[in-house]
Every structure is written in structure tokens, then in C-alpha cells.
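The following blocks contain the structures, represented as C-alpha cells.
Both complexes below contain chain A, partnered by chain B and then by chain C.
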Partner chain A sequence: MAIKRRSFLKLTGLTLLGSTLSTIIGNLLTRGEVKAKGYTQSPEALVGKRWVMVIDVKKCKEGRSTCGAKCIEACHTLHNVPLISDIKKEIKWIWEDTFEHAFPEQTEKYLEELFHGTPFLLLCNHCDNPPCVRVCPTKATFKNEEGIVMMDFHRCIGCRFCMAACPFGARSFNWFDPRPYIKKVNPEYPTRMKGVVEKCLFCYERLAQGKLPVCVEACPEKALIFGDLADENSEVNKILRERVALRRKAELGTKPSVFYLMS
Partner chain B sequence: MLEKALVGSKKYWIWVLFLLSIIFIGFLCYLYQFKVGLGITGMSRDVSWGFYIANFTFLVGVAASAVMVVLPYYWHDYKEFGRITILGEFLAVAAVTMCILFVFVDLGQPMRVLNVLRFLSPRSIMFYDVIVLSVYLLLNLLCGWTVLHAEYKGTKYPSWLKPFIYLAIIWAPSIHIVTAFLYQGLPGRHYWLTAIMAPKFLASAFSSGPALIVIVALLLKKVANFDPGKKAMETLSKIVIYAFILFVLFYLFEIFTAFYSGIHTHQVSFKYLFVGMEKHAEWAPFMWAAVILAVIAILFLAIPALRKNETTLALGCIAVFFSCWLEKGAGLIVGGYTPTPFETITPYRPTLPEIGITLGVWATGFLIMTILYKIALEVKTSHELIVKYEGVLYKK
Partner chain C sequence: MYNTGKVMFFIIVLIIFFTIPVWLNWGRLEAVPQPELPKEEKKCIESKEYMRAYHMKLLDDWRKKAIRENQRIYEASDNEKYTISLQRTCMKCHNNKEKFCDRCHNFVITHPDCWGCHIAPEVAQKWQ
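Up next is the complex of A and B:
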């Protein structure tokens, strides 16, 4: 029996509708997540509940004339961050800026004078309540169990909603293919492609190997302290109890995980 | 009915060819962007959205504004709008298509666009924007086409359509509210972080969209012997001016809050946009142009004698359209990103390929609009006898 055009179209339509619906329902049920099979941390891995970084501004300033900003260099070399001279298209994971730019809401004249010439290291704040994660339409950026705001470079569609949502200007976009701008490619870490967003990931790959973030390790002044805020006895907790620390734009409620020791 | 778009006067084909050539240029620019990356645009690390998203936002408003002709006709049985309802619905179809294209050309990895469906993220406002926009497109296409087809056959539209028509009416504001939510829920972007964003969006949409319908209807009267009806035009122009005055007021409210409170962060974007900061005043001419156009629009449309005159009506509507476009197209995005989170200024200026792609998308929208309007007008006029004699239309 020959199939009629009308019934053929009906069948095709129904099939399409059915498969679309089942995909949507399936996605809603699993919340679009693919369940990873159970995995075990390697025994040497550093495990934490909420990783934070404390930056000793005074130490950083003292050593700045001799250190050559090793933290920045180490990070950008390790993570294949391209060196793009055009500041409109540049990519940076960790960089230094002035007090006025790091804390623009602190418009106190004496503070600005006090911190004149003091470098402030800026990087992703790994907020506990990250707006970038909230707005991402594909969950390409997400907070992992250790409090690190992660990026899946392969899932990112490059809509840059996260860049609009980040109040700290921590995110960079690959406006071009970044590979020609990488001086020496580190084969241990992936390079990115054009059209995706990237930022500091708190060296999650090094934590898994039991190593501290590379910027922390590279600093000759030991001005960067990394630790687990959830652990009452950790070094970061001890320091924050004793000394005056500020977080950038804390009033916005994003709960940044990078602290600046101001005294 | 599609066959009606395949026959037309010489003028019709010249217009279609003109649009096609712009689409072609835009497409070439897009291929260049696709190959090289979004770096060919004027966007930067600090101003990471630009012309594309600005036009997207503006056009969501135009699409939503169709409700201003559909609602009086179906809900209040306002018969005068009978001839222009279809213009509203098809305008929405063209506008939403442009919106989708603008978002698409703005993506860094367009081949991954379906990730939005693969990894549904209900915490992202983008998730809801995708839903409301695509449903709105389908609703308008369905309602417009079915009603027109019934007219084509000389019958009344089927009764099953009624719920869809009402749904489309309720749905319309949602697309612009959700689009406003994309912006107004972001911490640290003070120019956007205001609860009046959504009402302001709706007000500017409900003035600029109907203004476009007035302009197009007056144009069609000239080139296609289409009579929208005098009363309909009068009512529509009243809608335009009321909504526009509301929009201007909402904008002034924001300026009051920012400057009377004295809160620095709420003022800086306005300062940058209107007078410039740190030797940067790239957008001040555009913002003041929007202000001047707004004054002209209010003068021409609020004074009844000028509103009833077709020439000043058309000029007033053009002023409304461009004033709203400048506020959303130039001001909204640039103002949100400037100053940067570091309180510095990174100027944004769209590049030529970026403008080419933008024009290409607009031309695509106009082409869709032309084809749909051509079909609608042919169907509408096929049942009546219209004679043009010495420049005057006579209708039986």
C-alpha cells in the first residue's frame, strides 16, 4: 500500500515532536547533567570545602621591585594564556592594578595616598555566590564541590553573559584564535580556541596532584596564602582572625574568596 | 498564499533586490567574522556586548509592541484596527526573527548554540528568553497566517484559534520583561540594576513599535494603495505618544534617583553618556540626538493638529523610532559597561564589518516583513475594489 503524502507528513511531524519532547523531558529529569561514575581522589590530592586566597598586600609591595611579578608569569606560562598587546582584546587570569581600580568604591583620598604605588593582584574571586554561574545558559561555568568557579571551555557558546554578570572584570574572551599569541605552548595544559570565555581556575588541576596554585608557589615573598576556609584550623583562618582583610565589592553579596590583607 | 509574494510590480522587485544585496554584504561580513572571530568587532574585554545585543534588545521591544494593535482588536473588539492587526502580527514575526539572528551572530561559538537546549539551565534568564521568544514567534506566525488564510478563503478564522490569539496577547509583554531581566539582575552594573528597567523597556517598545507600524502604513498607502483607515491611524498615533511620554518620564525618574540621592555609582554612566568622562565622550552626540528627537516627537505627536497631519505624524513617528533606538542601541549597552568594574573608560565603537552584519540582519527582517506584508495586502485588497484617480484613493 502506498503511503499518502498527508499521513507521511503526519508521521514525520509526530516523530520529530516525540523525539524533541523526550529529549526535553529527559533533560529536565537529569537537569542536563551527565552523572559521572564514582571517582576517587588520588591520595596526594589537596582536598578542601572552600578554597580561598589571602593576599598580603604589604609583603607583595615590599618584594615587587625584585620579584618581577613571577606569580603572573608562572600562571600565564603554565596555563597557555596568550600574550595579546591590544588591551581591548587582551586575556589575563591574574594581573596587577592600582588601589583605585581594585577598590573603586573606596574613594577616600587618604586611602588612595596610603596605597599609592602599592600593587594589587587581581584574579577571579571564586565567589561563594557567583553571579556568572547563575547567568550561564549552558552551565559551562559552574561551582565545584571545593568552591572553585570552574569553566568548561568545550561547552561554552561564547555568549559572554558571564562577563556582563561579573562585577570584578575577571573574565576574558578569546576574540581571536589565541594559539598564535602563545610564546611556548605547555603541552600539559589545554590551549583554548576562539570564541570562548576563560579565567583563573584556582589551579584545580594542581590541587588534584597535591600542589598549591602556581602563583602561590611562585611568589618569593610568600605574599599569597592559599587554604581551606571551611577548615577552622587552616592557616588562612588563623590569619583572617588576626589581621584586617578586605574583599573587593563585598557589598554586592557575591562573597568573594580572595582576601586582601591591608595592614 | 505564498504565490502572492512571487508576483509584483517593478518597484516591489527593486526593493526586494535591494534588500537581498544588503543581506549578501552582511553575509560576507559574517563569513569573515565566523572565520576570524568576534575580534573583528569593536567589542572588547571591558565592553563585551555591543551593537548586536543592543539591536536585539530594541527589536524584542518592536516584536512585543504588536500587542498594541492586536489587543484592542481582539480583546476590546475595536474594529478600526481590523486592517492593521495583521501588520502588527507580521511585524512581530520579522522582529523576532531579527532578534534570534542578532543573538546568533553575537555568539563566539555559534556551532554550539544547541548546547542551550542540551544543558537546560533554569537559573539563567537566557533560558527563559529562549522560551518566550520562540513561543512568541510561533504564536504570531500561527495567528497571523491562519486569520489571513481564512480571509483569503472568504471565511471567518476557525474557533480553535481564539485561545492562541489570547495567549499571544498575554505572552507579548513577557518577552520584553524577560529581556529586561537579563540586565536588571546583574550585580555591579549600576546603569542596569534598576527595577524600572522592565517598565521602561515596555514603554519604549510600545511607542517605537507602533510608530514603525504608522510609518509603514503611511508608506503602504503611498506605494501599495493600502488604506489603513483614518481612525485606526489616529488611535495608533495616540498610543505612540502616550507610551513615549511614559518612557521619557521613566528615564527622567532614573536620572532623579541617581542625582538626588547623590550616589556616585548610580551617576557615572549617565555622566559618561551625556557629557563624557576622562576626555571620553564618544556617545554624547548620540544621546543628545536622542534627546532632541524626543523633544521633536513630543511636539509633533502631542499637539492634536500636528498629529492629525500625515506629514508631521510621519516625522513625529520617525523621531520616536530613532529616539528609542538611540536610547537602547547606543545608550543601554555602552552605559551598562562604562565605566568598567575598575571605574575606567574603554571606548566602544562598532567596526565596519560589525555594522555590515547588523545591516544584513535588519535587511533580512525587512525582507521577511516585505514578503509577509505583500501577501497580507494582496489578500486584503483582493476582496475590494480600489481605484486611484488623480492621486486620491476611492474605495467601494
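Up next is the complex of A and C:
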């Protein structure tokens, strides 16, 4: 039975009308569902425009034999980071490496000799121009207004573009459920799940509570200094004006926010 | 239409057959889920009816505000202020996911994946 042109047009019109009406009714029914008076920032929060970290390499080296890398331990326990021994599948937010690996572009022979055996703490650089953010297809990783390269784990689809884009290897992928590899859990913070990328987030949740990042607090040598670079009078600003500091792979133009005091 | 009487009869029989569960259980409410409410606290952040209908939208809103916009305090409609956090706010009162969340979620066969990452209080307890 062939449909007549007239009735086809009528049907099309009805369908259009129906879908419009159902949208309108749906909107009316769910109106007023957001009930909040408002949202505000917590009053005790530390507020900054560009959070940066300065790592005093000399102090770090001096204390390293006695401190037992408290910064790494504190961070990984607080954020439920699993301990996986397979180097290809390990998860790390903050870790240690040699001078050659931290600064591969510094080919000066004497520098390499000078820093032989010096541990360098590496973490996400929270770049001002982050390549990972540019490639993320779901905006799961983004730059927040305080200069932190954030992760919204809910939105991460595990494509690992960000891992390919990051020149610092600061991101790790969960190849399997990380929970069996977490010995002691912190019930205040979530874990991650299989298929999600993770990294250091500059302790955004602690900043909101008015506390410094946990690695900064845990360091017995006070070798890690955290502050707002946008604030002219901050401690980090003063230190960086007075002392020689290097940033990792600065020539790539990502403008890292982690500085290494070399002198 | 040929055999109108027969066709209509069987259509009606079919409709009755497929709706038997409705007729047999007419007026009876037995499987209604009974989530266990916290004993100490009498008041949630918003009214019971609102929370029942819109808690998922509220949580979704919380996530966006807290992570994307750095707004971590929720001001409820009665001017009370709450820290935005599933594990540190919601689950402090609703301290059993199995007896609270799961009872309704299982009933309506919905499986939100909150607990793939967030840690339910009872899970945390077993872990230690």
C-alpha cells in the first residue's frame, strides 16, 4: 500500500510537533531541579593565580639519605596510588630520577658529573601551556583558573593521547583495577579504576582546605617550596629572582611550573 | 478487515495474557525498596522528596562545580552550608552503601559506576 504524498506530509508534521511538545513538557517537568541557593569557594581555601613548586636540589640531596623519600610516600598514601612493580604498568604521581633523565637536553659534560648521584624529584609540571590539555578529546584534563592542570577522572575515556603528548612522562595509565595494589587505603580520597589516566594534581583538594600539598608538608628538609608565582611578594617569586633555577625541557615551550634550584 | 470478531477477540486475549502480572498484583506493594536512613541525622541537605528525585542531578552538579569551577561549598535552600564531597559529606551520614544506595538502585536495575573509584565506607573498613 503506497502512502500518499498528502498523508506523508501530515505524518511528518505530526512527528515534528510531537517531538517539540515532548521536549517542552520534559523541560517543564524537570524545572527547578537545581535547588541550590548558590555555590561558593570554601573560606579557608588557599587562592592563587598560578601555583608553582620550587625544588631545592641541594637540600633534597643532603636529606635524601635520611628522609626515606617521605614526599613520595606521603603523596602515594594520601591519594591511594597503587604500588605496581611492573615498570611498564606502574602508576606514579611523584618519583625520583637521575640528572640525565630529568634534563636530557643539558649535554654539558661537567654538569652531568656535578649532578651525578643527585636525586631529582619529578612530578607533573602543571605547564602553563599544557600539551596534554590540547589533545584531550573529552576535556577530562583541563587547566583550572589557579594554574593547575586538573583531571576530571569521571570524563577520562582512557585514550592516552595525553600520555603521548606529555613530554615529561608525568601520566600513568591504569591497565587493570588498581585496588588490589593499594595496601593501606585513605577513605577520604577515591581510587581510580581500570582504563583511566592519572597524575599529580598539585593537591587541589588540600588547597581547598587551606593546606599545602602533602609532599611539601612531608619534606623534613623543607626542600619543596610551594607558592603563587602571580603574587609579586610570594616566597617562590623571591627565591626565583635570587637563585639559579632550571625548568625541565624549557625549550619545548610548555612553560612548566616546577622549578629546580641548581645553585 | 476479514474475521473482525475473531481478530479482536484474540487481540484482547493477548493483551490480558501479557498484563497478567499487573492484574495479579493489583493494589499490592510488596517489593518496594526500604533504604536504611541514617539514625543520628534527621535532615538531609535538601528535602526528602527532592533528594529522592534529583540526587543524581545534584551529584552531577556538585562534580562540575567542585572540579571545574573550584566552588566547593554548597549553599542549600535553607542557607545551610555543606562541603561538596561524596566521601566526606554524603557518606559520613549515609554510612552504608549496601543498605542505602544499593537497595533502590538494585530495585530499579540501575548500576551507577560511582563505586569503581569512590570508596564506600564498608569497603574502606574491610580494607584496613
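Note that in this section the second predicted complex is superposed on the first by the 225 of 263 C-alpha atoms of A that agree within 3 Å, B and C clash if a C-alpha of one lies under 4 Å from a C-alpha of the other, contacts with A are read in each partner's own complex, and residues count from 1 in each chain.
FYI, a residue touches a chain if its C-beta (ideal position, glycine included) is under 8 Å from a C-beta of that chain, and two chains touch if they have at least 3 such contacts.
These numbers come from a predicted model, not from an experiment.
Chemist: Here chain A is shared; do chain B and chain C fit on it together or clash?
Modeler: Chain B and chain C fit side by side in the superposed model.
Chemist: Go through the superposed model and pick first if A:42 touches only chain B, second if only chain C, both, or neither.
Modeler: After superposition on chain A, A:42 lies in contact with chain C alone.
Chemist: Looking at the overlay, does A:169 come into contact with chain B only (first), chain C only (second), both, or neither?
Modeler: first
Chemist: Please indicate which partner A:134 is in contact with in the superposed arrangement: first for chain B, second for chain C, both, or neither.
Modeler: first
Chemist: Counting only touches as set out at the top, which of chain B and chain C does A:104 meet: first, second, both, neither?
Modeler: In the superposition, A:104 contacts chain B only.
Chemist: In the superposed arrangement, does A:157 touch chain B (first), chain C (second), both or neither?
Modeler: Touch partner of A:157: chain B, not chain C.
Chemist: Per the overlay, which chain contacts more chain A residues, chain B or chain C?
Modeler: B
Chemist: Going by the contact rule set out at the top, does A:187 touch chain B (first), chain C (second), both, or neither?
Modeler: second
Chemist: Looking at A:224 after the superposition, I want to know if it touches chain B, chain C, both of them or none. Which is it: first, second, both, neither?
Modeler: Touch partners of A:224: none, neither chain B nor chain C.
Chemist: Looking at chain B versus chain C in the superposed three-chain picture, what is their shortest Cα distance in Å?
Modeler: 11
Chemist: For chain A, what residues appear in both contact lists, the one with chain B and the one with chain C?
Modeler: On chain A, the residues that contact chain B in one structure and chain C in the other are 193, 196.
Chemist: Of all residues in chain B, which touch chain A in the complex?
Modeler: Per the stated touch rule, the residues are 36-39, 43-46, 48-49, 103, 106-110, 112-113, 115-121, 123-127, 130, 182-183, 186-189, 264-265, 336-337, 340-344, 346.
Chemist: Which of the residues in chain A end up touching chain C in this complex?
Modeler: For chain A paired with chain C, touching residues are 33-43, 45, 80, 142, 144-146, 150, 152-154, 182, 184-185, 187-193, 196, 208.
Chemist: Give the list of chain C residues in touch with chain A in this complex.
Modeler: The touching residues are 46, 50, 53-54, 57-58, 61, 63, 65, 67-77, 79, 81, 83-84, 87-88, 113, 116-119, 121, 124, 127-128.
Chemist: Spell out the part of chain A that touches chain B in their complex, as residue ranges.
Modeler: 23-24, 27-28, 31-32, 87-91, 97, 100-102, 104-105, 107, 131, 134-140, 155-161, 163-169, 172-177, 193-197, 249, 252-254
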